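Mind having a look at this structure? Questions to follow.
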Amino acid sequence: MSAIGDLSACEAAAAFARGDITARAAVDAIAARIERFQSRLNAYAATAVEDARERAEDLDRRRRRGEALGRLAGAVLAINDNFATARGVTACGSRMLAGYHAPYDAAAVARIVAAGGIIIGKTVMDEFAAGGTTETSAVGPARNPWDPSHTPGGAAGGGACAVAARLCHGGYGSDTDGSIRLPAAFCGITGLKPTYGRVSRYGLAACGSSLEQIGPFARDARDAALLLSAIAGHDPRDATSAPLPPPDCLVPPANLPRGLRIGFPRAGCERSCEPAVLASADDACAAFRALGARIAPLAMPLLEHAAACLRVIAAAEAASNLARLDGAHFGHRTAEKAPPGGDETEFLCAASRREGFGAEIKRRILLGTLVLSSGRYESCYAKALRVRRLIKEELERAFESCDLVLLPAAPAAPFKLGEKIADPAALLRLHVFTAGANLAGVPALSFPAGFAGGLPLGVQLLAPPFGEGLLLQAGHAFQQATDWHLRAPPGVAGEEDA
Amino acid sequence: MSVAELLTPAQVEAAARLARLLLNEGEAAAFAAQLAPILARVQALDELDTSNVAPLARLSPLANVLRPDEARPSLGADLALREAPDAAGGFFRVPRVLGEGGGA
Amino acid sequence: MTLPPAPKARLIVGLEIHVQLRTATKLFCGCAVRFGAPPNSLTCPVCLGHPGALPVLNREALRCAAKTAMALGCRILPRTSWDRKSYWYPDLPKNYQISQNEFPVGLEGAVELPRADGSVKTVRIRRVHLEEDAGKSLHDAPDATLVDLNRAGTALLEIVTAPDIASPEEAGDLAREIRRIVRYLGVADADMQKGHMRLEPNVNCAVELDGAEARTPIVEIKNLNSFRALEAAVAFEFERQTAAYLADPAYTLERRGKESRGWDEAALATFVQRRKEEAHEYRCFPDPDLAPYEWIAGELDELARETPELPQARRRRLARELGIGQGDALLIAEDRATGDLFEAAVAAGAWRESSASARATRCSSPRIGRRAISSRRRWPRAPARKPWPSTSSTSGRAWRRTRARPLPA
């Protein structure tokens, strides 16, 4: 039997259900791995090992009593640092909330726990999900387990790192502009951004309210299906939550549907990505062809505008969502004194925000404030909202002739930490292939499809709204025929647990 | 308009005041320079003809999402104030606000 | 010295009224709405503005808003939606207010105001919309402001009139009539003592001097809580603005635009409020968390059926059917209960014609009897309202060091 850490979430749950492993043993094994690798990889912003052990023992007791436990029972999981939890800190990667204890659990957290999942920690992310590398994290960047001098991608890079490095059986992140899919690609794992409205956002510290969804980081499509099924479904506390029950795609079929049509806007992609990335997308197409799919050319001229369009909307929403962080009701408050004669309340607020926010999120807040101001509202914000509709319609037209759309996940292979952080235009370009799905609200799956210089490359599939089933089926079929997803970072897998 | 002219430090300072964000020395100029390439990409959106296109602000196609007028449990004052940086006698405490303030 | 000819000045007032709705829970969360509860005891992650909390619209509040808008003669927009309006204040936890900017519940209505001379003045209603209320700030301590968020998130109806009001009395009467209407509908208690109704007049004047007419700046007087204060503040502004213009011809709308002033109840005067340049830069944009509402066929008809006879209609009917004079009608129809009681008494045969004016308007309803009723009989009056205690306008300057919070390494 593989080491407990090497198990996927499905395997861990199955092993637990069979009685082959105890939840307590699973937690201990994972905790030992975290202990060993955390300082090297910095995947976790916070861990809750004691809580996890207690939960595990409770699950073991209940399993011994013959109680029916949820589908995630036995799996040790990581969640993103922006999911509200009633225990522990919800810092969102920021100094502003470094000591903040939420007074409630996010809907997704409650569902993970109800399904028997054991949450062992919260993973490192870019501050308020504004970034593509985790370099804006207040607790330092997470590292790519394939080469720790490289970025794991962002914003939810810590989660992808944790799953890839077997520091959990599976994890959850949030995807505002590729923040799940990009790290999944960079870390060689599978990541899913569900359809907007598929998973409740209640308790997800909002950054891009009209853009983001919680989704799984997984070792493979099968795991992604399991992890999604535990959290998806209507929540009356989220008015944008679709009135649908959780998707019934627990075990995706092993084959592709007959005559599956996959559109690939190759010409557009070629302009925007490195040759190695394009090559892996071509290889993925070949693999799908071999499985019986038809690859059709697509024109998606609006693709190149998606990242800028999203940036405007996300900045406006972030500026608004983060205004509540003012040093008055929760979060960081400055100890500085107001200058004499000044407005003290205003100073308290402005100085707390100066201290609590990092540079990138400040830039987003400023950008958002600018585009919502009367002088630029029409030309920037309203314009972006109109372009958004065009992009959504372009995707809808694509889905008239295709069942799925294939794109690279990232325009480049993982790069070194520090390499792009001072280049805002380059960082914006990271989102060229992921932004469209957030703007249109469609589901998208990112999965490993090759390597470049020993670092993972990922490919992405998009489906029409609520087409997660088809996505996972296609991903699963691909993973039956390829083995990219089985590779593990060197020096990480296969080690016996302490 | 050159990229540098897209955003001036003065405009950044004005936005910072609106956003209640105190800037450090040199940040207005630095941020203006860093945001300018982003704004250039945003300006490129003008190439697209959106004259007959309605804005899409809400992604959910849902309408008419309501909740009944029924009371649910509140957190209670202790939990409500637990994270307050400063609280006294059951109230949040902030520096004395000048005048009557408030905009609505 | 010969005095110059007296300038003619005309008062122009538009009124913005905020009415707290009588719903069991807040507008976007399930916290109960209750007066006098211990501070911050009626709050939850949503109305406290905690990260991740989301609003969901209260169905009853929406129905109340639509009923009121219809009662005010508005056309109901087929699709109504929500916007975020940003400004900074410690009792506004999210530092934005969920309100309705682009697509309010109702537009373009009118209210009929009977005047003492028997005429009827029509005041146009610009819009009726819903928004969430802020919490309460107490500025009593010299060095701190205390914030109670129990009220934060309460459903507020905002009613905005056109600048059709031409006198302090009209302003007061319009406000009183709105109060009557919302109480008739049962959508609000409108208890002035509890601050359920907040009145903000926008006042300016047209001053005619030497054949030319100039407008003074529009002054917004914030947060008046009684009809008396409203009338006094409007009257004060009329005099102040006219005098200010006569003293300084640059005191005009073109040059100065809009100003905010507060009302000092003790001094019976308005005072300048610090106005920041960005005070009106609200950066409104559609709230992505809330779905729009599209009225379903028949829904508005149902609301209309639930609407009782409104005060003006009742007064007209009382005059027409029972010959009741204007003054009496106002009293009888002050609230539904009084009106119902009176009409029940009439139906039981207690009504008799009274004054000559009543005889002149006699109608042939068989229910009218012949016993005289004194038109001077005093109907029960509501007790005189005390003005709402004004918050102190003096600002404290002492800064107290707050507890430093350790930052992580």
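Per-chain numbering from 1; labels A, B and C assigned in written order.
Basically, a residue touches a chain if its C-beta (ideal position, glycine included) is under 8 Å from a C-beta of that chain, and two chains touch if they have at least 3 such contacts.
Owing to the predicted nature of the structure, the values given are computational and were not obtained by experimental measurement.
*Asks:* Could you tell me which chain's Cα centre is nearest to the average position of every protein Cα atom shown?
*Replies:* B
*Asks:* Between A-C and A-B, name the chain pair that shares the greater number of C-beta pairs in contact.
*Replies:* Pair with more contacting C-beta pairs, A-C versus A-B: A-B.
*Asks:* If you average the CA atoms of chain B and of chain C, how many Å lie between those two points?
*Replies:* Spacing between the chain centres: roughly 29 Å.
*Asks:* Calculate how many whole Å lie between the centre of chain A and the centre of chain C, each centre taken as the average of the chain's C-alpha atoms.
*Replies:* Using C-alpha averages as centres, the distance is 47 Å.
*Asks:* Just curious, how far off is chain B from chain A if you go by their C-alpha centres, in Å?
*Replies:* The answer is 24 Å.
*Asks:* Spell out, as numbers or ranges, the residues of chain A touching 2 or more other chains.
*Replies:* 100, 103-104, 210, 236, 239-240, 323, 326, 328-330, 332-333, 338, 344-346, 348-349, 369, 373
*Asks:* Multi-chain contacts in chain B: which residues touch at least two other chains?
*Replies:* 18, 20, 55, 57-60, 62, 65, 67, 75, 80, 85-86, 92, 94-98, 101
*Asks:* At which residue positions does chain C touch at least two other chains?
*Replies:* 45, 48, 56-57, 88, 90, 95, 145, 147, 149, 281, 283, 285, 288, 290-291, 397, 399, 402-403, 405
*Asks:* Residues of chain B touching chain A in their complex?
*Replies:* 7, 11-12, 15-16, 18-24, 27, 31, 34-35, 37-39, 41-42, 44-46, 48, 50, 53-60, 62, 65, 67, 75, 79-80, 82-86, 92, 94-98, 101
*Asks:* For the complex, which residues does chain C have touching chain B?
*Replies:* 23-25, 29-32, 38-45, 48, 56-62, 79, 85, 87-92, 95, 97, 99, 131, 134, 137-139, 141-149, 222-223, 262, 273-274, 278-283, 285-286, 288, 290-294, 296, 391, 393, 395-400, 402-403, 405
*Asks:* Spell out the residues on chain B that touch chain C in their complex, using ranges where they run on.
*Replies:* Residue list for chain B touching chain C: 17-18, 20, 55, 57-60, 62-72, 74-77, 80-81, 85-86, 88-104.
*Asks:* Chain A touches which residues of chain C in the complex?
*Replies:* Result: residues 45, 48-57, 84, 86, 88, 90, 93-96, 145, 147, 149, 281, 283, 285, 288-291, 397, 399, 401-408 of chain C touch chain A.
*Asks:* Which of the residues in chain A end up touching chain C in this complex?
*Replies:* Residues 82-84, 90, 92, 95, 97-100, 102-104, 106, 138-139, 201-206, 209-210, 236-240, 316-317, 320-321, 323-324, 326, 328-330, 332-333, 335, 337-338, 341, 344-346, 348-349, 355, 369, 372-374, 377, 381.
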